[in-house]
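You will see subunit A twice below: alongside subunit B first, and alongside subunit C after that.
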Partner chain A sequence: MKGFKRRTKAKKLSYKSVKIRLIIFSALAAALLVISIIAPLIEPNDPYATNAAHMRQGPGPEFIFGTDSLGRCVYSRVLAGAFTSIFSSLFLVAVSFFGGSIIGLICGFYGGIVDAILMRITDALLAFPQMVLAIAVAGVLGGNLTNALIAIGITSWTLYARLARGQTYSMKNETFIQALKLNGVSNGRIMFGHIFPNIFRPLLATACTQIGTTMIYISGLSFLGLGVTPPMAEWGSMINEARGYIQLTPWAVIAPSIAMLITILIFNFFGDAVRDMTEVRNER
Partner chain B sequence: MGKFIGKRLLQLIFVLFAVSIMTFALMYIAPGDPAERKLTLRGEPINAETLEAEREKMGLNEPFAVRYFSWLGGVCKGDLGTSYADDTSVAGKIGKGLSYTLPLALSSLAVALAISLPLGILAAVYRNSVLDVIVQIFSFIGCALPNFLIATLLIYFLCIKQNLFPVIADNSFQGLVLPALSLAIPMCARFIKQFRSEVIEQLDKSYITGLRTRGVKENKVVFGNVLHNSSPAMITIAGLSIGTLMGGSVVIENIFRWPGIGKLVMDSITARDYPVVLGVVLVMAVVYVFINLVTDILYRVIDPRIDYGKQG
Partner chain C sequence: MKDDEILRIENLSVSYGKNNMISGVNFSVKRGEILCFLGESGCGKSTLLKSIINIPELATVITEGNIYFQGKDIMSFSDREIRKMAGKDIGMVLQYLGGAFNPLRTFKAQFKEALESHGMEYDFEQVRVIFEKMNLPDAERIMNSRPYEMSGGMIQRIAISLTMILNPALLLCDEPTSALDVTTQKMAIEELMKVREELNTTILLVTHNPGIPAMMADRVGVMYAGHLVEIGATDKVLYTPAHPYTKALIKAIPDFSFELPKGLEGQPPINGAEMVECAFKERCAVEKDGGCKYSNNPYELKQVSENHFATCF
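Here is the complex of A and B:
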């Protein structure tokens, strides 16, 4: 076997290229958000109107992505589903990010028995495979979007709680915090006014990398019938509904699949760019 | 090392205890009356009398702690209770399911490792080459594809268009291929990404420059030093992925009608047969906890520099 060529050390991430990436993917992510918000205005047809006269029509001028087995316009449903898929995962990430961070902040700052109990709870929650617990909880509670979000949220906050706790722990003995304490600043003020802004960036970067994964989880539950309740438009459940007719209406499966792939890709790239940005900033 | 393992085992007992409480609590958050569900499932008449008799028989009138400990006592002896639907033992159902789930999970893990290890290493060594770019594109797309999407697309292109594989998996090798691939592809994409960055991190360290300046052959550097030093991280990555694999197998088994515990748990959720749901969740969590323990121990066997007195 021929030996490997020697490679010089790779360039460190350059600030400029990361910045360009961040701008591009922020813009794309923002575009997706705008599209999903104005979706009701740009849907050519009613995404929920069934029509026996247009059942299983292939893509054409009237229905760009064709119609499904109930005669609903697939293009309109993909647009309507964008809102459900994107905003439910953004909401879940935001709630677990703030909830988890605050819990971690309090644990790290006060330490002691509260900290010990909460950290053991996260240990126990992390002992379950996340999706298995989510499926069981959503299944037992009964399938709807709220329960699906609760089921995933049960474990997702632990990520931020652990991170925030570690960061707070190492920051609380720094001189400026000691100085604040000596000045009689209240604990609440120190935690949320001084520590939180300092640990906010890495936490936010982690949250951004989780958007795509959360979307996969939510759509997975919907696909299993444990997420949104039909006929609500959501990509995972649309794929599940159309799966049985894949021979007759492949476009009803392909269209939401591609929408989902593109959306998750954009949010993953966006998350990576935000994470790299925090790294590059720290090195500068 | 003995001290570390002892400490981890103590922690393990606590975690298993907490896991069992949480699993049992699942039964409590379920809306409705278990006795009523049991009678409904069996198609027996429901009235105040039969309900009360069933409640008494199931021990539902006992307080939470009594019910929990009697359940836990059974679990410790390997008795996971009986199914609401037909009074068969839950442990038996899970055992049967596992005999299907294990081959599926292990073969997909093996496929994922067989593809991602060489590709991840090559992509790292030949950084920024054409191969690296192609591998990275594959890995980005694979990370963004949910497993159910991969399964659906595989069925469409390989079963319906080409007629290569059966749509509903039978227990033959042919039936195993598609479910295993659907699980392996997203795993593979994640592995490649992580293995690649792990190898790159090692390659950029100064001891590698040192080895090269002393004229050590590049093959030896990569396969000897780099691989050896990145293997603990790789083992952790593979170990942690077992959790995702279990969640994925629930989805995939249901798509391909593969009669493993993933299909069992979904069928039981649909039928509201909660003892079975509890049993499967508990078994999966326990397996996951033990795999994490083994990975942790392996990590320290390979990399003894870690101070196990303080960490873990």
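Here is the complex of A and C:
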């Protein structure tokens, strides 16, 4: 009994610790965003300039992370790639968050045939492994960043749609929704002015935990040659380009990998902190 | 149809999807009248009120009968027309127990929204006056706060105020005062009566507290197991009840005589609205004496005296 007690105690999140975690990781995430935006200003070298004289140089004072097989500065390319990787995943998460939520909201609110059709579509999409479907779609559409985003976006909205639908279902039976209807407030206002703000928190928490995953997907497609087109700097494609020379220039693989690892970790921790925050808030 | 008739209900049967909860209800209400429905819980009085506004969220399904509001058949209205009518023509106050407003938004925003939905202007002065009558001081502060900062009773009063500001011709109140303490209850009732005097609002009120119709109602309807068993002028129904159930109900009112009130043995039948024979049979004192006169048409309202009808007397 004692051990059980201790475990439940340890599991319980304290508001203060979650708050501190949230502050730390939002600060780190914000720092990453700032760095990726000001990257062109702080790059020591042109990330796209090839130079045969500096081919495959190890890390040193001139090139902090060394150079790749075309003589480009890996450090500058990692910085330039941050913008592509971070903002494309943020953009995709935002679009699928709003698109999926609105679809789920409408389905949950009206129910009926539209709901049935849309939910069967999400069932069908969820039946495929997400990455396999993305590879297939990106392969058909051709490799560039837009198509990669479309390929991942095809399935990513379903998560928010299902969550929003479920939340709307329980929310629409709240007495205040009845009261609004009895006072003659229109469906549109009820959906977007009352239900959406009330189900926003769990949706946002899910969106935040999805940033890291989305980044892996985009970089994964780029690694397979289905994402960004070379020579554009993106971490996944950088790893792919340097892969052939991994024994000669390991730094060209390691630098973007570590950058990706750190970024995804920060965004995952940030997402967890947001999710824990909503839980702690609900308990309070 | 008479000119001053605002609502007429003919042979109404309502279910929540399967079995009828009320059946064969007939009555009409005049403009400016206050009609109270009394009855035990589960007798269908709330169902009756909900079926009048009949928005899908209240889950009522009208299986038979007609409802005429201001001469128009409500059941032929589309969802959109009903929503337009809701609030402005027919207002409804539920027993909200604190959940009447969106917890995230200020009362001001929610008042504004309801008013704008009917093309009306938000006027703080109007709100302040009604709030004062409802025993809600400092309207400014209330309007700028959110529902979680208020007690359940306050929210109930704010909800009643909002319904009144919308100024409906017909006001349906489903136990609006049950969540209020005795003194505030009195103020809310006085306010409802004032609204009727000033604006000639018709009020249909459901309650299980017989003191409320005694204070404010022009007529009282008594429901039992899904049937309207007695309806008539307040003093006639409350002081000279005709139906054996009403008699028992009035006897069961607790008073200050320091004696336990005489309750009614047994329970109402659960499928009372579906029954062909008298649903009150099991508990009826007259039936036990073998004096039942109306066993072949137990649910037809018969005239007892002027403005007083009962299914059995």
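Everything below uses one rule, namely that the second predicted complex is superposed on the first by the 274 of 284 C-alpha atoms of A that agree within 3 Å, B and C clash if a C-alpha of one lies under 4 Å from a C-alpha of the other, contacts with A are read in each partner's own complex, and residues count from 1 in each chain.
FYI, a residue touches a chain if its C-beta (ideal position, glycine included) is under 8 Å from a C-beta of that chain, and two chains touch if they have at least 3 such contacts.
All values reported here derive from a predicted model rather than from experimental measurement.
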**OP:** Mind checking the superposed model to see whether subunit B and subunit C fit together on subunit A or clash?
**Re:** fit
**OP:** Scan A:174 for contacts with subunit B and subunit C and give back first, second, both or neither.
**Re:** second
**OP:** Would you check which partner chain A:16 touches, where first means subunit B only, second means subunit C only, and both and neither mean what they say?
**Re:** neither
**OP:** Would you check which partner chain A:219 touches, where first means subunit B only, second means subunit C only, and both and neither mean what they say?
**Re:** first
Original post:
What angle, in steps of 10 degrees, lies at subunit A between subunit B and subunit C when each chain is taken as its C-alpha centre?
Top reply: 100
**OP:** Based on the superposed arrangement, let me know which partner A:135 touches: subunit B (first), subunit C (second), both, or neither?
**Re:** first
Subject >> subunit A residues touched by each partner, larger count belonging to subunit B or subunit C >> reply: B
Original post:
Just subunit B (first), just subunit C (second), both, or neither: which does A:261 touch?
Top reply: first
**OP:** In the superposition described above, what is the shortest C-alpha distance between subunit B and subunit C in Å? Please give a whole number.
**Re:** 18
Subject >> subunit B and subunit C contact sites that coincide on subunit A, given as residue numbers >> reply: none
Subject >> subunit A - residues contacting subunit C, complex >> reply: 172-187, 189, 193-194, 197-198
Original post:
What part of subunit C is in contact with subunit A in the complex they form?
Top reply: 53, 55, 57-58, 83-88, 91-92, 94, 96-97, 99-105, 113-114, 117-118, 159, 162-163, 166
Subject >> subunit B to subunit A touching residues, read off their complex >> reply: 11, 14-16, 18-19, 22, 26-27, 29-31, 125-128, 140-141, 143-149, 152-153, 155-156, 160, 200, 203-204, 212, 217-219, 222, 242-244, 246-248, 250-251, 254-255, 265-266, 269, 274, 277, 280-281, 284-285, 288-289, 292
Subject >> Partner subunit B, residues of subunit A touching it in the complex >> reply: 1, 3-7, 9-10, 120-121, 123-125, 127-137, 139-142, 212, 216, 219-220, 223-224, 226, 236, 239-240, 243, 246-247, 250, 253, 257, 260-261, 264-265, 268-269
